[in-house]
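Shared between the two complexes below is chain A, which has chain B as its partner in the first and chain C in the second.
And now, the complex of A and B:
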């Protein structure tokens, strides 16, 4: 009896961890792309995810648009938003040697958006209640909520999509090339502004997917974004900078660690575990857990 | 009269407070090989970077086919027909050989000619065809240098600038590299060659310029410079 219980318990913890970890994963892929060409951690990523979760929420609340249908609006809007962020905020700073300026702009953007959301929409937590929100899939005594499962599927599809873009299209290869060596990329005729803009567009586009997944599954408030960005950064460190699949797996690993850790020790420890793991990985395997280190010739 | 494909007039380049290039003037005649020589830190790489738009001159004029290029961005410089093979190859090591070549023809202008350019690159460097699906980072030093040059000629340049193409290669490969440069030149590509391997460079160069601490201190026909006792004394002993 005890054995079966613990098997179910462990499986349930793993599943919850994996499903929540995919959120960190998509956020981390966005960070990875933007870091690739811009060489900054885009700290506003989490806050932008929350902002886009609100957009999804308002589409549902005010216009009655189903959250999953609203992806068709939210993702294009976020792609444009990403391009706009680059052209409007980062274009000048990106050309500078000192990357701290770009980083500070990201921090400023984060606080601005956070405070705007709190002022306009209050800091009360919001969540989307649909007819299927409480619906779950049960097998073998395990229960998976429908919305979490959808979030997982969206995350997997986004990861595949970004990978295909980077590996199969010429523009995607240009983004990869620029992530490795921006000057060499410029010398073959790749415009730094173009690849930076594309990295931002896709990074924020992914934030759109994450926003919808978040809005349909969890309750959220304007201040959740910063912690979310920190978690995405940890996922990125786990997975290794510059690897899309690594970032995604890093997110899942972090989700599982938090889920199992907060059960085994106590709920309050989830964040402490994450930050502890973050430091340990950076100290002992700074290139990430899923990256084979290739020495430059 | 010979046509100047590239002409620098009284160019000054500063990095912050440090001036790397002082009042440099020289020209590259269409269809020739020109060697830009000098010791480490003489300003050769700075000059190439300035021509290709990565750096801006603080003073002076750079003309390509009579047109000023000092305000162009690197991608625009590629578009008008100048390709730059940077020092240390700077390949996209995580991409395959073929993908590196695809990116060599990245600007819209050159995409329609991709197959033709690829055929030419493979003809010059057959080894790259065999290695086309290997990651560029896994090639040997000589193969990497070939790929760097092949990537640059994918943009069908009228002027090819090579920064230290023989650096780190075995003597046999150095010889092959210089033969390849001559072959490219026979195919109507004008070459601006930066080299520390002064003897080899001057043997194939039509004209040469010697830089010292950012200034042109000597210039002449390749074979004249080769025979010049001052060059012999100053450079050959240590670097040749």
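And now, the complex of A and C:
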């Protein structure tokens, strides 16, 4: 067993894990933002990502728009979609004490979108084939495909972008304040509906980025979304709820775990391993691995 | 007075339902199948109701208990462990409830003592998925991904299914009813309302939470056992699906969680919606169900039980 573990192999496994993990990372940041202000886990996130991946796919297939160029269309669409979801579906439920209502609306939305896609566009797996899909970068005997690298860059850029937004702009600071303490934020004049809406818009906006990254790199089908949301949730818990960078690093950690786990043991067990690690982290370090101090009990 | 009326209504409804197989041909009627399905859902929905509706601990791992119940039934039959009859054997069914309950206690001790709220929900989800992977990947005894086949030649009639389902649904409902009328029920509700205050009043939180969790697992296991008898083919793809967690939650919340009649109304209502949509809109039925969940939650956040209060104010 050990003799086949060369440096090259290990590094390749790590790189694959990191590159795939960034996908979980972006989804987890979206979840983190929505969780931050609304205190619900938006289970439909994965399905929405798949939906936006389809949008990117159709832009490419029907209009011939380059998938990376279509970010300029997909992200605004998804921002609007996020705002629309909040205003149309979650506005009343967000004010209620019982968070199960919002959670169930998310489940309903997931059912709806998932099956809508399966009915309209069939449940066959799809993938985008461009002229550069097969193109790869090789250094030191390690091979990284161009599309995965682009996905990674997009993920890093959006993490930085969200971080800047939360820390530098007034609106971002309001969202951050609301996710730390909604009541206190409301006392200083921050409207809960506004920050919830913004958090939702950005969360779904990130889903747009993830959708493009997914569509260009992997094949996808309508039912992939739920598992993806589960993985994003694990990434979020690993990184620590409410931390943007933590969520991103959690995603990468999960990607590496899965990549190494499925090589060392076997494909099916990789899921059990990631859930196992997730449980252990929940038990012993519930505030997440990448958060230094606990602010509130 | 109110309790007496409820008792009479329950007896009348149960008696009427028990007579249905004498009036309608059970082998050809879709209605009987529909009622049987509703009973199954009532059992597992009441299970979730104890854990989440009354105690406030959102468990997302009920499908693991459901699957464990089904597997216990199948394995006890195939490997001839208890040496009793196996087709609708009370010992087997009881065992199918006890095994998940024991598992629930074993995993409840670490999970419930450490995790709270969303984290508990995520933890149970993780555990449920680990158990599912274990059944897919593992096992010389559980048949791996193919699962187990119970000899289906014992099937003679739908009638025993119907009556057992009815009995178990009644049993599950009475368990919840008597639980909530007892001191234990008060403790559980107190934990749901305010954990700190409950602890300050001398309630052993961990003990009661584990108790509720295992009762929920027991009822889910019973539902799994009943389903195992109906399916005859137990595999991770049939009994360990996440739908066995999501549907009870749906039914419980749509009916009204934390009430006794809510899960019953929710289970019957949702089964009706699923069945009708399945017949008339076979392609699009999950879309309709999704839409319905959103609409009910948006306009009736208290569930269908809350509707009555709206119409007839106290």
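List of remarks:
Note that in this section the second predicted complex is superposed on the first by the 288 of 297 C-alpha atoms of A that agree within 3 Å, B and C clash if a C-alpha of one lies under 4 Å from a C-alpha of the other, contacts with A are read in each partner's own complex, and residues count from 1 in each chain.
Note that a residue touches a chain if its C-beta (ideal position, glycine included) is under 8 Å from a C-beta of that chain, and two chains touch if they have at least 3 such contacts.
Not measured: the values here are computed from a predicted model.
Touch criterion met: A:230 reaches chain C, while chain B stays clear of it.
With both complexes superposed, C is the one of chain B and chain C in contact with more chain A residues. Contact with chain C, but none with chain B, is seen for A:119 once the two complexes are overlaid on the shared chain.
Within the superposed three-chain model, A:41 lies in touch with chain C and out of touch with chain B [touch as defined at top].
When both complexes are overlaid on chain A, the residue A:170 reaches chain B alone and has no touch with chain C.
With both structures placed on the common chain, the touch criterion links A:283 to chain C but leaves chain B unconnected.
Once chain A of one complex is fitted onto chain A of the other, the partner contacts of A:105 are limited to chain C, with no touch recorded for chain B.
When both complexes are overlaid on chain A, the residue A:188 reaches chain B alone and has no touch with chain C.
In the superposed model, A:271 makes contact with chain C only, not with chain B. Per the touch definition, chain A reaches chain B in the complex via residues 170, 173-174, 176-177, 180-181, 183-191, 294, 296-297. Within the complex, the chain B residues that touch chain A are 52-54, 73-75, 78-79, 83-84, 86, 90-95, 99, 102-104, 106-107, 110, 135, 137-139, 141, 144, 151-152, 154-155.
Across the complex, chain C is touched by residues 39, 41, 89, 92-93, 96, 98, 100-101, 104-105, 107-116, 119, 226, 230, 233-234, 237, 241, 266, 268-269, 271-272, 275-276, 278-279, 282-283, 286 of chain A. The touching residues of chain C, when paired with chain A in their complex, are 52, 58, 110-111, 114-115, 118-119, 121-123, 125-127, 129-130, 133-134, 136-137, 242, 246, 249-250, 253, 257, 283-284, 286-287, 289-294, 297-298, 301.
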